[in-house]
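Next come two complexes built around chain A: one with chain B, the other with chain C.
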Partner chain A sequence: MDRDAVKGKSLARYKQERDWFSLLYQATKLLPGEEGRLQEKLLTILLDSKEKVVDCVENEKPFVAGYFCNAPELFHAMDLPWYMLMETPFLAASAPYLLSDIEGAESMGIGTDLCTAIRLPIYYIENGLMPVPTAVLGLLYPCDGAPMLHQVIEHNKAWKNVPIYCCDPPYTSDERAVEYFADELRRMADFLQQHTGKTLDMEKLVKVCEESNRSYALWQEYNELRRSVPCPHGWALGGPQAFAISQCFVAGDPRCTSWFQQLLRCGELRIREGKGASEKEGWKERIRLFWFDIMPYGWIFELMPWLEDEWGAVIVMDMFANFPYTLIDTSSEKTIFHDLAKRNLLDAPMIRQARGTAQNFSSDIRRIVKDYRIDCVIWPGHMGHKDGAATVGIMRETCRELAVPFLHIGLDLFDRRYASPPEVRDKVSQYFSGMGLG
Partner chain B sequence: MAMFDAYIEKVSGYIDEMRGSGRRCKELDRPGSPEELREGLPVAVGPGANPGIVLRSDTFVELGNPQAGSCAAFLWTDRPSMIRDGRITLFGPDIQESAEASLPFGQVLMVGGEGLDSEDHEKLQQAQHVADQVDGYMVRSASQNLWSRVSRDAAGRGFGFETLGRALMSLVKAGVPAVSAVEILFVTTSKEDVKRLDGVVSGFKEIGRSILKETWKARGYDLDCSLDCGSCKDQAVCDEIRDAIVARRKKTESGEAGRRA
Partner chain C sequence: METEIRSEAFRKFAEAAAGIMNPELRSWKEEGRGVVGFFCSTVPEELFIAAGLLPFRMRGTGSTSTELSDAYFSPINCSFPRHAFNQALRGEYDFLDGLVCINSCDHVRRIYDNWIRALKTPFVQVMSLPRKVGEPQIDWYTDELKILRGQLEEHFGVRLTDERIREAIQLQNRIRGLQKQLYLLRKAERPPITGAETLAVMVAGTAMPKQRYQELLTELLAELEGRRGSRDYRARLMILGGELDDPAYLEIIEQQGGLIVTDSSCFGSRLMWRPVDEAEPDPIRALARYYVRDRPSCPRMYGDQPRRIAFTREMAREFRVEGIIGERLLFCDQWVVENYMTGLDLEEDGIPFLALDREYVLSGEGQLRTRIQAFLEQLEAREG
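For the complex of A and B:
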């Protein structure tokens, strides 16, 4: 398919996804109380960012495709709409077409051992289901699978002339590495200016970063609330949304800060009222879990509510809710790029763990288990996270030292067929029973 | 094991310099066993002592907000004579006089014990991790800065830096019996002083990381290895090496135990 043919087809799919969120938005209106309004607010921001992309495609305006760890504060400061290349698996995995898309990727002959979150965008690009952007920001880290997506982009007829820039990630994590990566981000900003015609206004970048800091500070404050016993919120509210709203739509926007303020208010209120994750009659928090990965978005509704209802098991912390961030020093251009580099190279979830070092796995487990009073660490063992598979031994040994049970499942977070939800539930049940939990 | 000795000397130099510059200083000597250190404290100390969290609205004073200045270091030596056991040095205002304030905060914990070696590093690090072990005192769960709060309730009961110092000493001594001396420095004077302290101890984290790397290696795990064992063709060789290391370690340990007996 050439670029013109892709435009109509991809726009139709993009709108379909927008409409899916629109439907969810209507449903959230029925949710009661301030927490219901939180979901509504989040979806308003999400839908707004999608509308901007639709407008760009329809009216030939510049926009980019990239990742949450490409310093999205820069896009906002440049007034540049964007979407995430892995948007569907990360944000829209509940969409009804997910499984047929995965099957479509399989029928193309893409190896089923490649991470599903990478297979899906490959399928979308090859089938004209993803809007062709003005420029692409690629990812050479954290895993070797991600660059495969760029190879597809470079060979696809509709995409092959789209300029791509990938920040080169250094191997180490010291000061020299951060400074090197800061220069990479500067070059990325130059690339964006060159290819989109947008300019980077430093004054605006300062404002965006300060707003982003406000959001992150509130997020950290909220995370402290999750240390409370019982945890004020379960899997359905908190971490994953906090990650999405801070990094996936429009980073450093006052609406995001307002969302965090409301989240914090809701959490504090629940703690004062002694409420836990569920308000069902007779329900009690019995197991505090650390889910050390992305949530199983492809079949989340078949596991998480069950964990809470059946076992009183609450996801107190997960990889994307984890807060290792430091705030951005906005005193100069140098400090801004330095701290953006740190945030996007060392702090961002999954990047932090998979790019390394393996010590992050161990130290994050230690801190989280102790601070959040965790009863059990679950490493889901997503089939795409082979980098993490290399550190299972270290994680297990760390948990042994902390005397906290460690469960390694082995599943696909997006594809229910890899390990079916009943199989996973059975494995979890057996493990909890065997360890005397709950 | 003199890895941190130079830093301990530098911190002593910093203390002398601060004292010499006329900074407000309070020095206390409270040596003792973990039980003695806990005796008479206004708050409970030990696992599960802090049943809840300290909410914003319940905060009496905040310490180490990154905007105010924050620095924390943890240094140990196998030469306990370098450490003045029980010494708590505070430069700047104490907690009781800082209601509603957000104080800059520097904390250096220095630990000595004759038998300490790199294998104890992780244990020592863990022992000073406050988590839920000090009632009314909450260290925010962050991987970097030391940023904490004291609750109104704890402050009302007389919580001060002596309380915190004794609590930390008690936790470290209880967690690692090989520790015979603990000394603590607190700095709350200014962001500049905290920043300078940070400069004095910068580099200790890097040493800590390399100690951990070596410790894991001795257990048979390479922190730099990014291969999936399940699909690595060298797994059998790796397993063999790991078994050999473990066997050698066991042999050495049993030999040492035999000599001690």
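For the complex of A and C:
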């Protein structure tokens, strides 16, 4: 497929997603209360980022395809619109075609045991369903799939001449590793300047970083609220949205800070009113869960509401929600790059846990269980998270030491055929019953 | 393994490849000398050799189950680390004085984490190998090697001077040269050694004292000189893949008439096709450059796919390969995508390609035979 054909096809798919969110946005306007306004604001930001990409593709303006956790503050400061290479399967807009896309990937001969979050972007690239950007920014962790996805990009004929730069996070987490990664980010910034015609204005970068500091500080403050019993919000509001809004669609943007302020107000209000995650009559928080991974976005509505309704089980914390992010010292270029490296290498979800040794799997469980009065830890065991799968013994042992039950489910975040929602619900029910929870 | 090679050297190689412990290794241990295990061919054996230690490439050979390691790993993990770690939990690696792991892949890298929690090996380290092949990555890996050198010196009480490292590089390069000679013999119309036999020789090179291996390999080469193997094969094949240390797997392919004449695998040509640069003034940097960039890479090295496919094409041409088999251990995210790209590239070249998934421990032999037979028929049909 040549570049022009890809342009038309990918744009049609991209607009389809945008329009779906546009419809959703209209619907959220009808939602009552502060939570409704939060969703509305989130969708405004998401839609705006999609509109920008559409505009760039249609009018041949520079934009990038990025990965997660590669310091989006840098390309935001360069006024470069971006989309995240693997965002589609995580978006509810993909629901109508998710299964047929997965089947499409299977028919290409890519193994069904390859992480679906990697398989799908490969399918989109190979089938012209992803807009070809001016440049690609990749990241070579947290898993083996990441470098393979980026190599498929380089291999694809329509993408062949698109310049690509991939940051290479080291396996270690000491100061030497942070310095190395800071240099990788510097090289990434040089690459962007060279290939997009944009310049990195340090004053602008300082402003963006300061804004992102404000956002992250508010996020942390909000996370303190989630320690409350009952937890003011459940699975539907908090970590994943916070991650999306601070890393995936914008970074260091005043709208993002404003969203966090509203989130915080919202949480405080609920705590003052003694409200928990659900407003349903007679509902009570009975189990406080630590969901130690991504939520199953392909069929999220068939599990998460059920957890709250059936078992009073609230996801108080999840992998994407909490590790206090390093605040950037903006006093010099050196400190900015250093702290961006630290934030993206040591704090950002998945890169923090899955990139290096298993130490953080264990220490995060210890911290979260203690800080958030967790009753049980669930490792969903997404089929793509092979390093985590090889860490289950360590996670189980950690939970045993903490005297907190641990459940390893084994599912696919997107493909309901791998472990069906009823099967997962049944497994969780048996576990809760067996452990005397709820 | 079935073989027509009647040499004593080959018998020793086959014996070493068939298990974990072998007589040469046992003698070494009985002399009170140290052995350091390592996972992945990107760990520089030269540093262990320079420290007077025997580098032992970790395998799960002989394992029949994963009953102990299943408490640490999951069913979606590659069977190689599960079997190898099971062997360790059963005590079969108790002879190790140390172990060096590396972030080679998502499955194998977790052996380090589980090992330090479950076993009492006195010296266990993990190295950080970059995923790119540029100068900053060579710098990084140079530092990693310097750190490892310091750790080895401190723990084993040896001095790892540049001179000793240079000598180790020279020894390893001589071995690489001999192994390459062995491979080159397979260019012949009637290669004197099969693919399965070659793999046994290569595996043995990671499991016995290097000097002794060099002597035995020299002996074997002399014996193979002038020997003519069978012409009774249906096609000349090449194997692509990662962790393949079981000659029996190749034996099954060869029993169907597909003679393996070369490979790009991590117990095969990628170990030795190119030497470490002996002219580089800093031997540590020479090693870093070799392991990060100069040797033929595996898919974990980002941005190197064009060089990998070029290497495959070059090998296929030089060895007059008629078909290529990409073997991959189940659940490997690296090789599944690599094989996908390789398949597309080879299709353009008109070279038939068969992608096979397998478990680490040989299984599904009937299915394997059927697929190989079908592939060979496809090749024969092309010849018309």
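Here is the rule we use: the second predicted complex is superposed on the first by the 433 of 438 C-alpha atoms of A that agree within 3 Å, B and C clash if a C-alpha of one lies under 4 Å from a C-alpha of the other, contacts with A are read in each partner's own complex, and residues count from 1 in each chain.
The rule we apply is simple: contacts are C-beta pairs under 8 Å (C-beta built on N, C-alpha and C of every residue); 3 or more make two chains touch, one makes a residue touch a chain.
All values reported here derive from a predicted model rather than from experimental measurement.
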| item | value |
| --- | --- |
| Joint occupancy of chain A by chain B and chain C, clash or fit | clash |
| Partner chain(s) touched by A:E224 [first = chain B, second = chain C, both, neither] | first |
| Which superposed partner A:E397 touches (first chain B, second chain C, both, neither) | both |
| Of chain C and chain B, partner touching more chain A residues | C |
| Which of chain B and chain C A:E40 touches, first, second, both or neither | neither |
| Chain B versus chain C as contact partner of A:E154, first or second or both or neither | second |
| Contacts of A:E302 with chain B and chain C, given as first, second, both or neither | neither |
| Which superposed partner A:E179 touches (first chain B, second chain C, both, neither) | neither |
| Contacts of A:I271 with chain B and chain C, given as first, second, both or neither | first |
| Chain B versus chain C as contact partner of A:E423, first or second or both or neither | neither |
| Contacts of A:Y372 with chain B and chain C, given as first, second, both or neither | first |
| Overlap of chain C and chain B interfaces on chain A (superposed complexes) | 356-359, 386-387, 389-390, 392-394, 397 |
| Chain B contact footprint on chain A (complex, rising order) | 174, 220-221, 223-225, 227-229, 268, 271-272, 323-324, 326-327, 356-359, 362-364, 366-368, 370-373, 386-387, 389-390, 392-394, 397, 401 |
| Touching residues on chain B, where the partner in the complex is chain A | 51-53, 55-57, 66, 122, 126, 129, 131-132, 138-145, 206, 209, 212-213, 216, 219, 221, 223-231 |
| Interface residues, chain C side, partner chain A - complex | 71-78, 81, 103, 105-107, 109-114, 117, 126-132, 136-137, 140, 143, 299-303, 305-306, 328, 330-334, 336-338, 340-341, 343-344, 355, 357 |
| Chain C partner contacts - residues on chain A that touch it in the complex | 108-111, 113-115, 118, 122, 138, 140-141, 143-145, 147-152, 154-155, 166, 168, 170-172, 176-177, 180, 183-184, 187, 354, 356-359, 381, 383-384, 386-387, 389-394, 397, 408, 410 |
